[in-house]
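Listed below are the structures to be examined.
Both complexes below contain subunit A, partnered by subunit B and then by subunit C.
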Partner chain A sequence: MNRFREKALIGVSWACGIILSGIFFFLVAYLARQGAGVIDLKLVFGETPPLEALLLRQRVFDGLFPAMVGTFLLVCLSIVLAVPLGVATGIYMAEYAGARVKDLFNLVFDVLAGIPSILVGLFGFALAIFLHKHFSNRIQPCLLISALALAFLVLPYIIRTTQAALEGIPGETRLTALALGATKPQNLFHVLIPQSLSGMLSGLILAIGRCAEDTAVIMLTGVVVSAGVPTSLLGPYEALPFYIYYISSQYAGPEELLRGYGASLILLLLCTTLFFAAFLIKKRLTYLALYRP
Partner chain B sequence: MNDEQAKIKVTGLDFFYRDRHVLKDLNVRFERNAITALVGPSGTGKSTFLYTLNRLWENIPGARMRGTVEIILGGLWRDIYAGGYPVTELRRRVGLVFQTPNPLPMSIRKNVAFPLKLAGNRDRRLLQDRIEQALQAAYLWDEVKDRLDDDARTLSGGQQQRLCIARALVLEPEVLLMDEPTSSLDAAATEIIETLLVALKRRFTVLVVSHYLDQVRRVADAVVTFPDGTVVSNSTEPR
Partner chain C sequence: MRGPGESATERILLVSAVVSASVTVLILGFMLVMALPLLRGGGLFSLLTQHWEPGKGLYGIYPLLITTAGISSLGLLLAFPLSLGCACLIGLYGRRPPGRLLRRIVQLMTGVPTVVYGFVGIFVLVPLIREFFQTGSGMCLLTGALMLSVLIAPTMILFFQDSFERVPRSHLAAAEALGADRAQTLLYVVLPAARRGILVGVILAFGRAAGDTLISLMLAGNAVQVPGSVLDSARTLTAHIALVIAADYESPEFRSIFACGLILYLFITVITVLVRRLAMPESGERP
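== the complex of A and B ==
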């Protein structure tokens, strides 16, 4: 490649990076401009005293608090369900699967990653009906079914990023602990997994983002407009993405639409908090595994 | 070389990587407490041969071998492929230092303590003593004694390689395998490692892959040429 082409390639790459970053900052700035003005205690708690709402003594009827709690629980529950299975499968794929099994499963997980979320929602709905019919009539579309469906939706991301992080470790590093007398599980837990935590974190962040934003799945599996703070895994719940969808399609005036922007900004802050928590957990785990004296 | 002088006996060794026949009917012996240099063109199986002495090749997909490898371990001749001798124990007795310095992403102290912890040693006092001894044996103690909890990757290339040597020495192996240990180092770091090698042979049997004939002349007691495994005595001069 001659010098001019190389410079052109670098220039195009820079331009793409700047354009994407620009779009991101524009979106965030637009959202902040529209939503920041309406974010106050009234938006979150409505007419209910905040302390009473936080202590769950009084129900919030016209604020976002139930939807915030619902989203937080939904994301946490989905991640708790998806991460152990996803990480274990990723480890199996990277470290133990034979070539033919790996090819087959890679194809399956790629297809799974491409399934439209509405189909996963439909699957969750069918599961709820099946369980209602055959196990207990208490089971209906609920927080648990939504979390199961979302966990299923994000599994391929967690599996593939775990697998890629492990497979990306250089060959000599992979052999280092084995050459020092480590067994394969010791190598996995003392060297390979601690070194892959950053890669695994990328999958976790993708999964958190997807769980927090997906509306199609939860619409079919348990979310409702008004349910209050969820008190049971088997009950309906409220969630911010559904609130945003609902208000943006049904708003009666500009003020109501602005509440949608406020909810969007709160959802973004909630996701950022969860990303930051995931980052801190990863940092702490890395320290405990690798650097603690 | 008779059986009393020998530390390692390799008989009829064939090694295959996928469809490639890398080592063909190799028969060679290695003297104890000596430095033997493995030399030959690239791709003739020198590094692969090292991996057959601690069975590390078994972790490389597509590799297979046949033949016999016997090593004196704990005062007895052991056929390392006959079964009965645990592979983890073998790798603790036959240490390996890779071509590229590869400290693990942890502190200097944890890097050296790592193999001991894998072997089940948890006594902090014992660990501290063994860490100090290994770092001193690798000529690194004076340079790192005040920064043992720093990330090992902040050391220079030469220091990192000596750390890797210390990490292999901490288990007090009987055989030390070194795969081009100075290939990525500058002249000053190379000189330190060469001096270290000569000092180490008093305690260990050392096999070192090298592409540098000057280095072979300086440090080796014997030379094995690859791919055929011919043994050449290097020099009678004392080192």
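== the complex of A and C ==
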């Protein structure tokens, strides 16, 4: 019939595929060309001897070490805060919630998943002001507030992946232990949760990736350009993504700019690896995470 | 037969769920309380229509609204054909190398940090736009929209492609029985059947574009004005929130960022409800 439309479809599809892949490969190649040369111990530790820096005996001034430590602590803290709450909520949604409660909570968590990260950051900032005014004037935007805000940011990922992994378990598996006389919690902890671990794992990996890359939340909740390795939960800290943002507008010379390229390359490799791993573990669950703006 | 352990487990889980849900409400509550003084007594109207001139006591966010709408729409306009084309390529060569390769690339792209897009945008795209149009600094609405389109394309592609895969096998088998090749099946069977999924992908991508901070903050120039053309510098709602750091927490300038937050929050809620209605027709039909 209309062979032209089919030929056009194939041609246009190829063109789009090539354009998009081209953009991606350009991005990676550009950063690799600019940044690969600077990735070495000097990029991380500057002029400080690595061992001294690692043992926190000397502060690193011209390296990425404090920012990397900051990001690492931030990720760990947020995950520790978000995972128990998220997993418990996911289990409740999948196994205990009645139809009407489930409908309502599903909507609430969908909205939470959609809230832009800058709003979560603004919330963290407002929370810090609120706590400062009403509880203790030691509280200000800090590592703990950032971690709390990031935990809220990734909470819906963990809830969703846990819930979906549990709901995906076939009915026979679900009933076997119950038929043998197990109680509901026994069934949950010995059958259902072990069965859905890989789904939960993909949610965890995505959450780590989001915590590591997010800039909007932390720039409102306490990240600074120069703080050294964080010494207190209530103090300021450095982080890789904010360092990249800062360098892009305020770099003082070619050497600092090169460090920016190095930091970008490191963050790019870290986050693409994490997201890709999540996709490999559970493809379908990962789509859920893409709801987030 | 419910043991004591059983109800304790359920209670702990219920409390967790309520705490998680209250986070959503708490965020809305904070925005409302902080923005309230500005909204009282017809303040909402002047907020939405006035210009931003703190020197003259004007704290309207009208220019920001226009910029956010403009940059997101332009980004979507650029990304939509690209994404549909890519999804079609994956659909055409599903299991064969070109399709699989592209899908892997798209999955990798979802993991690229936004700040890295912004960083590369500043050092590659901004000079390019400046040279090409020979005007301004190169940081403008168009630069932001171009980079936004790269950011939202992977989300759209994966959703489009997912909705292609949901087309019932019987439809595909019928097309095959009629002698249709892959391109014909895609064009006349899959694409029409996946219309709703495509719409959902577009709405989600629009929400994502409007909610993104770093790209517009780094690339769009951040001048508070109603952009007259795509080559004008402009500031989005999200960038405004990131930029206003007032020393006085009671000032209308500071409160205005919570009004921006409130608008974004409501916008995202509308998008979420819309997507749920479209993506789950059976639950949407309930009263």
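Just so it is clear, the second predicted complex is superposed on the first by the 226 of 293 C-alpha atoms of A that agree within 3 Å, B and C clash if a C-alpha of one lies under 4 Å from a C-alpha of the other, contacts with A are read in each partner's own complex, and residues count from 1 in each chain.
The rule is simple: a residue touches a chain if its C-beta (ideal position, glycine included) is under 8 Å from a C-beta of that chain, and two chains touch if they have at least 3 such contacts.
Predicted, not measured: the structure shown is a model, and the values here were computed from it.
A.B. asks: Is A:I244 touching anything from subunit B or subunit C once the two structures are fitted on A? First, second, both or neither.
C.D. replies: Second partner only.
A.B. asks: With the two complexes superposed on chain A, say which partner A:T183 touches: subunit B (first), subunit C (second), both, or neither.
C.D. replies: both
A.B. asks: Just to be sure I read the superposition right, which of the two partners does A:R57 touch: subunit B = first, subunit C = second, or both, or neither?
C.D. replies: A:R57 contacts neither subunit B nor subunit C.
A.B. asks: If we overlay the two complexes on their shared chain A, which of subunit B and subunit C does A:G86 touch? Say first, second, both or neither.
C.D. replies: Once the two structures are laid over each other on A, A:G86 reaches subunit C alone.
A.B. asks: When the two structures are overlaid on chain A, which partner does A:R33 contact: first (subunit B), second (subunit C), both, or neither?
C.D. replies: Neither subunit B nor subunit C is touched by A:R33.
A.B. asks: Tell me the contact category for A:R138 with respect to subunit B and subunit C: first, second, both or neither.
C.D. replies: Once the two structures are laid over each other on A, A:R138 reaches no partner at all.
A.B. asks: Which partner chains sit in contact with A:V111 here, subunit B, subunit C, both or neither? Use first/second/both/neither.
C.D. replies: Second partner only.
A.B. asks: When the two structures are laid over each other on chain A, which of subunit B and subunit C touches more residues of subunit A?
C.D. replies: Of subunit B and subunit C, C contacts more residues of subunit A.
A.B. asks: Can you list the residues of subunit A that touch subunit B in one structure and subunit C in the other?
C.D. replies: 183, 290-291, 293
A.B. asks: Could you list, by residue number, the parts of subunit B that touch subunit A in their complex?
C.D. replies: 54, 56, 59, 88-89, 91-92, 95-96, 98-100, 102, 104-107, 109-110, 114-115, 118-119, 149, 151, 167-168, 171
A.B. asks: Hey, which residues of subunit A end up touching subunit B in the complex?
C.D. replies: 170, 172-183, 186, 190-191, 194-195, 290-291, 293
A.B. asks: Which residues of subunit C touch subunit A in their complex?
C.D. replies: Residues in contact with subunit A: 1, 3, 5-6, 9-10, 12-14, 16-17, 19-21, 23-27, 30-31, 34, 81-86, 88-90, 92, 98, 101-102, 104-120, 122-124, 150, 153, 155, 157-159, 162, 181, 183-184, 186-187, 204, 207-214, 218, 238, 241-242, 249, 257-258, 261, 264-265, 268-269, 271-273, 275-276, 283.
A.B. asks: Subunit C touches which residues of subunit A in the complex?
C.D. replies: These residues of subunit A touch subunit C: 5-7, 9-10, 12-17, 19-21, 23-24, 27, 30-31, 84-86, 88-89, 91-93, 95-97, 103, 105, 107-123, 126-127, 129-130, 152, 155, 159, 183-185, 188, 209, 212-213, 215-216, 219-220, 241, 244-245, 247-249, 260, 264, 267-268, 271-276, 279, 287, 290-293.
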